[in-house]
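In the two complexes that follow, chain A is the common piece, with chain B as its partner first and chain C second.
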Partner chain A sequence: MNPAPPGTREPAPATLAHWWGRLRDIQVSGTATVAMLVVVIAVNVALQPNFFDQYALTSNFATFVPLVAIAVGQTIVVLSGGIDLSLGAQVTLASVVTVQLTDGELGNLPLALTAGLGVGVACGLFNGLVVVVARLQPIVATFATSFVFSGLALVVLPRPGGTMPSEFTSGYRDSVLGVPVALLAILAIAAGWLLLRRHRVTRHIYAVGGNAEAAFASLVPVARTRITAYVIAGMFASVSAFAILANTGAGDPFIGNELTLTSVAAVVIGGTALRGGRGGAIGSILGAIILALVSNIVFFADVPSTYRQLANGLVVILALALAGIPALQKRRSA
Partner chain B sequence: MNTPVISSLRPPKVLSPVVLAAGLAIALLIVGEIVSPGFAGHGQIVNMLRVSAFLGIIAIGQTIVIISGGEGIDLSVGKVATFAAIIGSRVMDGDNTKLLPALTLALTVAAAIGLCNGLGITYLRIPPFVMTLGMIGVVQGLILAYTSGQAHGRAAPFLTSLVNGKVIFDLPGLLFLWLLLAVAVTWMLRRTTYGWQLFAVGANRVSARLSGIPVRRTVILAYVLSSVFAGLAGILLLGYTESVFLDLADQYMLPSIAAAVIGGTLLAGGIGGYAGTAIGAVVLTVLQSLLITLEISAAGRTVINGLVLIVLLSLYGRQRRLRT
Partner chain C sequence: MIGSANRRWRAAVLLTATGLLLAACGGDDGSNGGNGGSGGDGPFTIGLSNGFVGSEWRTQMVDGVTEAFEEYQDEGVLDQLVVESADTDVNGQIQQIRNLINRDVDAIIVNPNSETALDAVFQEATDRGIVVVAVDQAVTSPGVTNVVIDQAEWARISAEWLADQVGSDGRIVVVNGISGHPANEMRWGAAEEVFEQAGVEVLTVADGGWDQATGQQVMSNLLATYPDLDGVWTQDGMAEGIFRAVQAADKLDEIVISGEARVGYMRLWNDARDNGFSSIGVVNPPGGAVSAVHMVVNLLQGNEFAADRVDGNTVHVPIPFTVDTNNFDEYWPDVENETDAYVLDGSLTKDEAAEYFD
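Coming up: the complex of A and B.
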């Protein structure tokens, strides 16, 4: 998908020319992703004539933010050569901790958000240590930690409950100069990724994900880089948790569990190789929006409610299958 | 068997995982007996073994899939078991004569799900955990579509008496069935062509293909078997609970992997066996009983299960160092 041959690994984007080249890379690698996005938007518009109304846009973007945030977090871990199956559980844990500490009071919010972010960092650090220091396979290790995190979430908040202050939820559904706050949040996440991309840590993440042994030989701190990737992902999980709380206004000890698969699917649809080292978060952001719009389609296409989940599940599998086909052809020709 | 490739990367083997796991089970029983006298009584042990059987049978398929390598793992076993139980209960509806059609239909559906997993993993090259995680959503959707949110029917009396009733030597028939399956699976893994091909594919796909082994067919069959054993366990679980609910066997997903890992099946593939997994299932069940005896909440048990898997993986699932 990325036109660069496998040997060359992401040099530092320093000059304007580099940036232009990088931009083109994004477009080339993302053609299929953008095509999918156009199709789902077209179908959405056809089914939902008021799709571009202020209200519909605001509520659509409000549901995108959690997916977008978690997809970016997953991308960073995948780029580092790992995978985080506990991200959904981290979202749940961060959200229940935040909602319990806020307790409906606006004054508690700064402390609660800090604690929520701290939960994400702590979970990410725990994952990082388990994967790097204990040297366990990321898939099974993070799968195991997901049970630790979701169990802890149930201890913190045994059943759905708690409230967020109304300023927090209404502010999230507000708009600044006609631009929905939620869209600004997505743009902020994208900007955050673009800034992160320029940082040395991200270059190290690409290097480690591309070839850990070569990176090690080039004096890249492999262990530290891997741990950092999980920690950054944990922070994005916290952001996702805040967006969910702002959107729903209440806590739910099961809210995030379904997000894990969505995050992986968004990464795959966005063109990031699950083997690591190739891709980027912009594609994953589009992938997350595509998946959210697809569930919109399922909702508005009058699919009977008992068939909705089946339709959603099939779409995710089909999207993964489509993303798998180019890889198949590429390896065949090689 | 065929260990030489990877054995050099493993820590020196003092005890085989099977012996270690059996020791762990006995140690847990002794701790339980100390904490709460009567924990290791005859009736209790029989009951724990019976509960282990469901996990043990689901874990048969998980073991086969993990041995097949290529990061093989089947996260959909719990949901498939639930779906099979739901189909089974609706078709048999408390009637012994409908038991066979119910079993056939449930296992056929399970096999079809496994076939989809296998095809997606081999031909579309979707990583196993992504494919089977996605399949959870699809099967959950199928369950909702099939039941409209309300499970119907109940277990046939014969099934219930097989699982709950005493058949021979005052022991439930389920235990004999489990023993039979364990022997059959061990024989299949160790003595049949398919078993040898499975280990070869798990150890090194390239060399397996170059040796003329049908790699894709072997892997697809592994996922089909995994779903079929999960479906069978679901039907047996239906016999235990008599009526079905919509998340009947979902919680078996993590323990099925943990049981295989405890039993010494390497997540890297190509090494392992069923005897260890069966003992692993017993260890996990005894641990659960102990936690329940200690009055630890369901949430706390979930946390402990996750931590136990991490600790066990660190004991023998570790990857190679970068610096060698």
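Coming up: the complex of A and C.
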């Protein structure tokens, strides 16, 4: 991502036309995301006749949750003007700590989940301090801390092992009144975001990500807001870790690392600008679902397995390009 | 501005979610899909899930399964093979397996990316009556049958040979794969015991990551640290690099190398034979997956494993053969035109696989 050249971002000209332009910008990109989701669902249904069977739905939603959670976390950091390349490693670390403390006993679960959440908070705080206090570029700093976190994960759980209680894994695959628990989890994550959205800290995050100097001038605590963004992201990484543990039923010291880049892709497809300040987590949730469904489509379309990765990559690029069109239009009209 | 955009979002999402939910509830009483379950008449559909594609070994495995499938297809026993093969992590492999379940396969052959972390998704498959067989890497899930070679036995063969070559009080170094990896631990556990009993002195143990280049680098360092070595014990995927390191130090006549049954290494071995170089290569067969296909067909046809063939949830397939100095010429002409990464291979025949069942 190239940072915008100095002239591109107008220093807040509060004309009606300008605000209308920005407003439209966001709406269009939101519509594009929803349209993409509708298309991938339609294609998936066409290719997979049993798409709406109970098992297919349950298993699909179960697959979505880890990515949905981490995408929401990434959105919050991106909105604040940063990026977190250590989120996947945080997922790994939180998951191995949780599985080690659970030790297969249902009774240990509350403590273990609390500790897992604590790991996310601690990792987020660490990232925030490195970025804000040490003033390192977020992309470099979090890339570096990702090795710290995944290294710690190997210390906590040197080789795959540990079990989660069967109530935990089977509950995750259950449904309540025909609605899969995993779907409820996604709705809960969305509700969590909407609540957060009303909170002052999120308004600060938008302000800092949009224009840090202006925010500072408006007495927004810039440093604290940035750190908070990383901490909230870490908490969502922990939620992602719990979903993964429910999916796997066991620990693995490499499990979350590959989620990082997918989370960034979900954020972009969801219409959040990587330069910060604009967008929202609902789009990223849809973006995460789109990405997961794309790999389903590639599978059910019988793409030969040698070409599958290529096809997957091309579709993702296409989606990213589509999501970027509104921004291009805006730049041309500006 | 953000508020109003957000309302739009909410409306759109609510719509989509409601649509999905309605569809979900509508689909509830729909068909239950799966024709899974064993003891049927077929033809059956089988799925293959492979989470790593970066090596010739895996390519050979997938090709082998495809060939075996085609034979059964001609006989009308199997009608479809769904291959899921991509570089992915455990989460991706969970999705692979769920897709296979949604494809209504009757059996899944999996080369698992994790020993434990696929347990829950295997449970989803077995709950739906799908036969699941793991190859190459054993898994802990009790409902899954592991069809694998005995890694300890595999390591013991070359370790015994090396111990014999260097004699008691021989001084060796060890270049292992990846510490903590289950296969590595099983292999080294067995080899270490052999060396202990034979009185061979293991000076140090290093990791070469099952990679030729890394193996070569590690061996060069070891040669510099230990000038007075009698031998080196290593695993597959690294022997070529180790040979080159020893060759570069001009010590091929002093240091005995336990090799591997791959064409690249055998080419070097073949060139050095005239100078009295001797080695060993124990086959770690990609064709284990082919043996698994035969067993899966038996299971689908309702046969059960003979009690004495199963150890827990593991069935050991034999190590096909070992290349050594005496039989080198038996195997070399057949494979010398293959690429360096080609692994010597072998698998059970249909009849041999049938002997594993009652």
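In this text, the second predicted complex is superposed on the first by the 281 of 334 C-alpha atoms of A that agree within 3 Å, B and C clash if a C-alpha of one lies under 4 Å from a C-alpha of the other, contacts with A are read in each partner's own complex, and residues count from 1 in each chain.
In this section, contacts are C-beta pairs under 8 Å (C-beta built on N, C-alpha and C of every residue); 3 or more make two chains touch, one makes a residue touch a chain.
Predicted model, so just to flag it, every value in this text is computed and none were measured.
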Check: Between chain B (first) and chain C (second), which, if any, makes contact with A:T248: first, second, both or neither?
Finding: second
Check: So, does A:R135 touch the first partner chain B, the second partner chain C, both, or neither?
Finding: first
Note to self: So in the superposed three-chain picture, is A:E167 touching just chain B, just chain C, both, or none of them (first/second/both/neither)?
What the structure shows: neither
Next item on the list: Name the contact category of A:N296: first (chain B only), second (chain C only), both, or neither.
Entry: second
Next item on the list: Would you check which partner chain A:E105 touches, where first means chain B only, second means chain C only, and both and neither mean what they say?
Entry: neither
Check: Any idea whether chain B or chain C touches more of chain A?
Finding: C
Next item on the list: Go through the superposed model and pick first if A:L314 touches only chain B, second if only chain C, both, or neither.
Entry: first
Notebook entry, point to check: Now for A:P158: first (chain B), second (chain C), both, or neither, which partner does it touch?
Noted result: both
Notebook entry, point to check: Taking the two structures together, which residues of chain A meet both chain B and chain C?
Noted result: 154, 158, 258, 306, 308-309
Checklist line | Sites on chain A touched by chain C in the complex | finding: 19, 22-23, 26-27, 30-31, 34, 37-38, 41, 48, 50, 52-57, 59-60, 62-63, 66, 154, 158-163, 169, 173, 178-180, 183, 187, 190, 194, 197, 206, 244, 246-252, 254-255, 257-259, 278, 280, 282-283, 285-286, 292, 295-296, 299-300, 305-306, 308-309
Checklist line | chain C - residues contacting chain A, complex | finding: 1-2, 4-6, 8-10, 12-13, 16-17, 20-21, 23-28, 30-33, 62, 83-92, 94-96, 98-99, 101-104, 114-121, 123-124, 128, 140, 180-182, 185
Item checked: Residues on chain A engaged by chain B in the complex (per definition of touch) -> 83, 85, 130, 134-137, 139-141, 143-152, 154-155, 158, 212-213, 216, 222, 258, 260-261, 264-265, 268, 274, 306-314, 316-317, 320-321, 324-325, 327-328, 331
Notebook entry, point to check: Which chain B residues qualify as touching chain A in the complex?
Noted result: 71, 73, 75, 120, 123-127, 129-131, 133-142, 144-145, 148-149, 254, 257, 261, 267-268, 297-307, 309-310, 313-314, 317-323
